[in-house]
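So that we are looking at the same thing, I have put the structure below in structure tokens.
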Amino acid sequence: MKELKVGIIGATGYGGLELIRFLHNHPEVEKLDLFTSSDEGAIFSSKFGHLLSIHDTALKKIDTETLSNFDVVFTSTPSGVTSKLLPPLVGVGPKLIDLSGDYRIKDLSEYEKWYKKDPAPEEIVNMSVYGLTEWNAKNIKNAKIIANPGCYPTAVLLSILPLIKERLIDPQFLIIDAKSGVSGAGNKPSQTTHYSEMNENFSIYKMNEHQHIPEIEQAIAMFADAKTTITFNTHLVPMTRGILATSYAPVTPGVTEEQLYNCLKETYKNHPFVRVVENVNSLGTNRVKGSNFCDICIKLDERTNRATIVGVIDNLVKGAAGQAIQNMNVQFNLPETMGLDVVPLFI
Amino acid sequence: MKELKVGIIGATGYGGLELIRFLHNHPEVEKLDLFTSSDEGAIFSSKFGHLLSIHDTALKKIDTETLSNFDVVFTSTPSGVTSKLLPPLVGVGPKLIDLSGDYRIKDLSEYEKWYKKDPAPEEIVNMSVYGLTEWNAKNIKNAKIIANPGCYPTAVLLSILPLIKERLIDPQFLIIDAKSGVSGAGNKPSQTTHYSEMNENFSIYKMNEHQHIPEIEQAIAMFADAKTTITFNTHLVPMTRGILATSYAPVTPGVTEEQLYNCLKETYKNHPFVRVVENVNSLGTNRVKGSNFCDICIKLDERTNRATIVGVIDNLVKGAAGQAIQNMNVQFNLPETMGLDVVPLFI
Amino acid sequence: MKELKVGIIGATGYGGLELIRFLHNHPEVEKLDLFTSSDEGAIFSSKFGHLLSIHDTALKKIDTETLSNFDVVFTSTPSGVTSKLLPPLVGVGPKLIDLSGDYRIKDLSEYEKWYKKDPAPEEIVNMSVYGLTEWNAKNIKNAKIIANPGCYPTAVLLSILPLIKERLIDPQFLIIDAKSGVSGAGNKPSQTTHYSEMNENFSIYKMNEHQHIPEIEQAIAMFADAKTTITFNTHLVPMTRGILATSYAPVTPGVTEEQLYNCLKETYKNHPFVRVVENVNSLGTNRVKGSNFCDICIKLDERTNRATIVGVIDNLVKGAAGQAIQNMNVQFNLPETMGLDVVPLFI
Amino acid sequence: MKELKVGIIGATGYGGLELIRFLHNHPEVEKLDLFTSSDEGAIFSSKFGHLLSIHDTALKKIDTETLSNFDVVFTSTPSGVTSKLLPPLVGVGPKLIDLSGDYRIKDLSEYEKWYKKDPAPEEIVNMSVYGLTEWNAKNIKNAKIIANPGCYPTAVLLSILPLIKERLIDPQFLIIDAKSGVSGAGNKPSQTTHYSEMNENFSIYKMNEHQHIPEIEQAIAMFADAKTTITFNTHLVPMTRGILATSYAPVTPGVTEEQLYNCLKETYKNHPFVRVVENVNSLGTNRVKGSNFCDICIKLDERTNRATIVGVIDNLVKGAAGQAIQNMNVQFNLPETMGLDVVPLFI
């Protein structure tokens, strides 16, 4: 019997649309309603034609009393918006899963520094649990508020945390060079994301200034017990979906490529969405397109004794909506893969 | 209880990969085995990394006895191959659903003329049922062999058949200008489909010579009782998935745009995969990406009294694997949408 | 000795940027200044980094007196803007070449109907000469104002005018199915041209309503002496540059494919930018990318006795800036190809 | 008066096609002939339609006597081919400019190790001069054989050499993460470069094994007098043209971002094709598309005291044909920019 009543605030963003895509087929979702602060009454499929006959109902007004009857509410609004929008919903009933960056950074001054916005209320940030499912399931299970991880941090952390935790690589000289498809920039038009200027154009952006830097450093401290300042740069790839993060670090003397691989393999042996790939010389984002997988590979360069570690995800799925639903599954004691067990599109 | 044992011959093609993508989540598929004529024993996910942990079993040898124990076998090999490969399987047990063009054209001399290949055995071509689900479900139900429609014909026929059948447009001056993503060209590398030469290049190809012409004309005769020679041209779009077919025809004097729209709407009112779109001035392939939908719209140009009719599909889904599974559902008395009820990706 | 002083109004648009690209290397251009109505003083290369070290001077204020000292001024502002901006410059000195649609349509009521904007002053529209170089050079030579053709009309007219003029095809049943790269939509961001929604999405737009329809019909009347209403539809291709227009028409009984080809070949034998391509079964936009060529091919379908005529251009070059410079060359008695003799990029 | 007789061997490759594109407009090129080992007599424009009316002559047979009358011969054949093809031409007359990797690596055992092919004759490798124009013009001037640099090394070396030479960064912990458009893979179709599998797919390849590694290390030793082993990885971007290389290195204590910037600016102040970009937070390949520019920027991350250095080129131009022609200009005492002074396409 279907049990869950689910609400989405911010359904018109790409994260929100992906939540709908997966929740539509989730066996335990009884009801799926979409909420808006500005566009009440609009028929959702008249805005997004691909949802014709799938979601033809009207957008509902955000209303605490209405939402109190839901089991879980996803907030998929931009950073700086959720910080104001979520607090009234805390404690009124539904589990809250936030896809923005507003509840991830525990140190509010760090949030302000990197996001250049006012932080969310401290007590709510403190209550929130970081939703990196494979590393925090125990806390996620009982969390009332989940701060769903950022897209880049998901690809980076899943690929490097095991190695840092086991001290197989040196986190003090960690260089992370990340590349993302354009959907990561959201659905709001801009000159940068104007088709003619983005197409056939690979670029670096926010050099050393991306707001996911403190999130990655915080998680390294939290899950691998290492304090470090990372070098982290981000690039835009002229494609819609996908993140590939290439990380570089010196390997602890004596450690072999086999040990590095085994560490990853062992860490994720019971985690169906993380696939450690062996013996590859190439790895691409099409392996995971449209799915909740994170594929990882590692190579040790014996000339330099440095490791190259690659993590690949679909930024909208494992990097956003998919992981959010995975966290919902954990919270409601459902199999982690429920509703998410789809085959990547490849092409 | 899951019931169906399903085999795929030709799984390495894009049609085959899409069959796997949908059959993996089909509630009634108990067993899914992949067969090959050349690569027995190879682990499928070592060829297609996106299937790692999803389909790690070995390719099996095509063997009549083995295949006789299956409920349904999809043949997804190129035209000219299935004509030889399928006959030994006829009558040994499984329902046969062929995705190639080899069993579609009833007039073998027409097949030879357009495909420039030897035709399949006449008696088997005669037995085969054209699998345009929305128009031929009754015959599909009891068919032993289904000739699954071509990608272009599916987009074209679903959009124009109702109008021709009701004599609202004149089939004697039918111009069809069709555009396809590159996946329609299959998985075999060539100079034309070499990335650097296909990318940023929109082209017309096979001018007036595409082998889908006789298929469309045959279906117009079969389902709309009209004999005509069509003008049909095909173009390659620098994108992977999607077909958009724009058809032009004079409208029967006195017929209004509303009547044209209503004809389409009425025809498909009980067909969940065909969505007739109202009041649009634009329609694109991203509405249906990754899904089994066919979206249709129509405009009457009052200056010329000609209709513009647009049909949009994902060529690999409704134009191939999706419709094939839809036909399987019909044959086994399952709901047409079973295993195919996915939300289009949009982005 | 370099002789020409050239001004551009509207340099920040894509047409303007292409003017700069070609004029920078034009042997007769002594001076190239950029004018703006809103952004006086801004260093152009700080807005468009690709012009660093190429055009580092400041945008100048639009000023009639200043502009009166120029030999030629290109106006490359949107339709509805040039109608107001150009009149004060008429007669003050420079030749005026307008890339917008504001001076193309002689019948002002038609302009209003299709553009849904107020027309330019009638006397100035009457003075302006339609700049389809290959068909109107004599008038262009002495023109004070040139209405440079639209991108779609250029591809369409060059390919069909010779055949209509010689009555080899029937203009009364002319279906034109045109496809354009996204740069045709200009440089202003919108939801439609947002990368994630345009990418991997082929769409039809402005069904039967494109403002280039009256321009094409007017030119058919003007150059081929035929009155007709055409069917014309436009599609957006997920690529930046290029237009391919596929036209369909019944062929005059008895006319052969050879005659059709020869008519085109003969018409353009002294026109270096129009290349008639023989014996092709495919033709794509990459043949002309970045260049001022228009490539044309024709096929007669003997089954239907209809011709398929294909015209291919780079919409920003032959469809805008290139043809504008070609017209300037004609006006100043320079070789037509001066500054435009570049090899297409192909990839 | 035009003076130079130029031959190209390997014109059908992308490097060769770009040579034609630029040499067609080079003011000093009197004659441009194309040579082939396999396809003598074929009309070049029948193979490459974009060259119709531009290069309609036949491919000539490679013949030492014929070639001895040329002033310069470009060899643009794959590595492993030029090693055999070039030696007979040494000393017979023309300057030789080789675009393959066969004459770059002085240590033949290194060549064998990384290229996995037999090396070219030692004495000819020794004679050859590395054609990184901005760093080696003096030797290039008198060279009989030029080993034109690889695409990745050009982007990397131009951006980091000044900083290493001045000891502003530490070459002992140099991480280079490079990304290239697909044209770098050449014109030969393969599964990897098949449109449907490359499109929308960002991938890493040849992890720690790219043959450009020894070339970069050799040049660092040669021009910056530093011996180091680098970490170097390469990625394929789903676009046709462009390389962006992101390099990371610790900064010498006390060095400021301004010093780093000034070092680059000073180094290249008289080099028109290298543009050092100030105050950017983003830099993309569209800045240089179709042109011979190399754009560079640098940021110092004060948290980590590491520099991020970005070099951007068009891989087919500054990374291949453009730099080759720039070297030809140097050899013949022509201005470096002759024939190469084109404006980047941007879109």
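Letters A, B, C and D mark the chains in the order given here, with residues in each chain numbered from 1 onward.
In the analysis below, contacts are C-beta pairs under 8 Å (C-beta built on N, C-alpha and C of every residue); 3 or more make two chains touch, one makes a residue touch a chain.
What you are looking at is a predicted structure, and each value in this text was computed from that prediction instead of being measured.
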Copies subunit B and subunit C touch via same or different residues, half shared test: same
Relative orientation of copies subunit A and subunit D, as a Cα rotation angle in degrees, nearest 5: 180
Between subunit B and subunit C, centroid-to-centroid distance (C-alpha), Å: 39
Averaging C-alpha coordinates per chain, one finds the centres of subunit C and subunit D separated by a number of Å equal to 36
At least two other chains touched by the same residue of subunit C: list those residues. 14, 183, 196-197, 199-200, 238-241, 280, 283, 286, 289, 346-347
Could you please specify the touching residues of subunit C with respect to subunit A in the complex? 14, 182-183, 185, 187-191, 193-200, 238-240
List the residues on subunit D that touch subunit C in their complex, please. 14, 17, 20-21, 24-25, 48-54, 183, 200, 240-241, 272, 275, 277, 280, 283, 286-291, 295, 316, 341-347
Residues of subunit A that touch subunit D when the two form their complex: 173, 175, 177, 179, 181, 192, 196-197, 199-209, 229-231, 233, 235-242, 244, 246, 248, 280-286, 289, 299, 301, 303-304, 306, 308, 310, 346-347
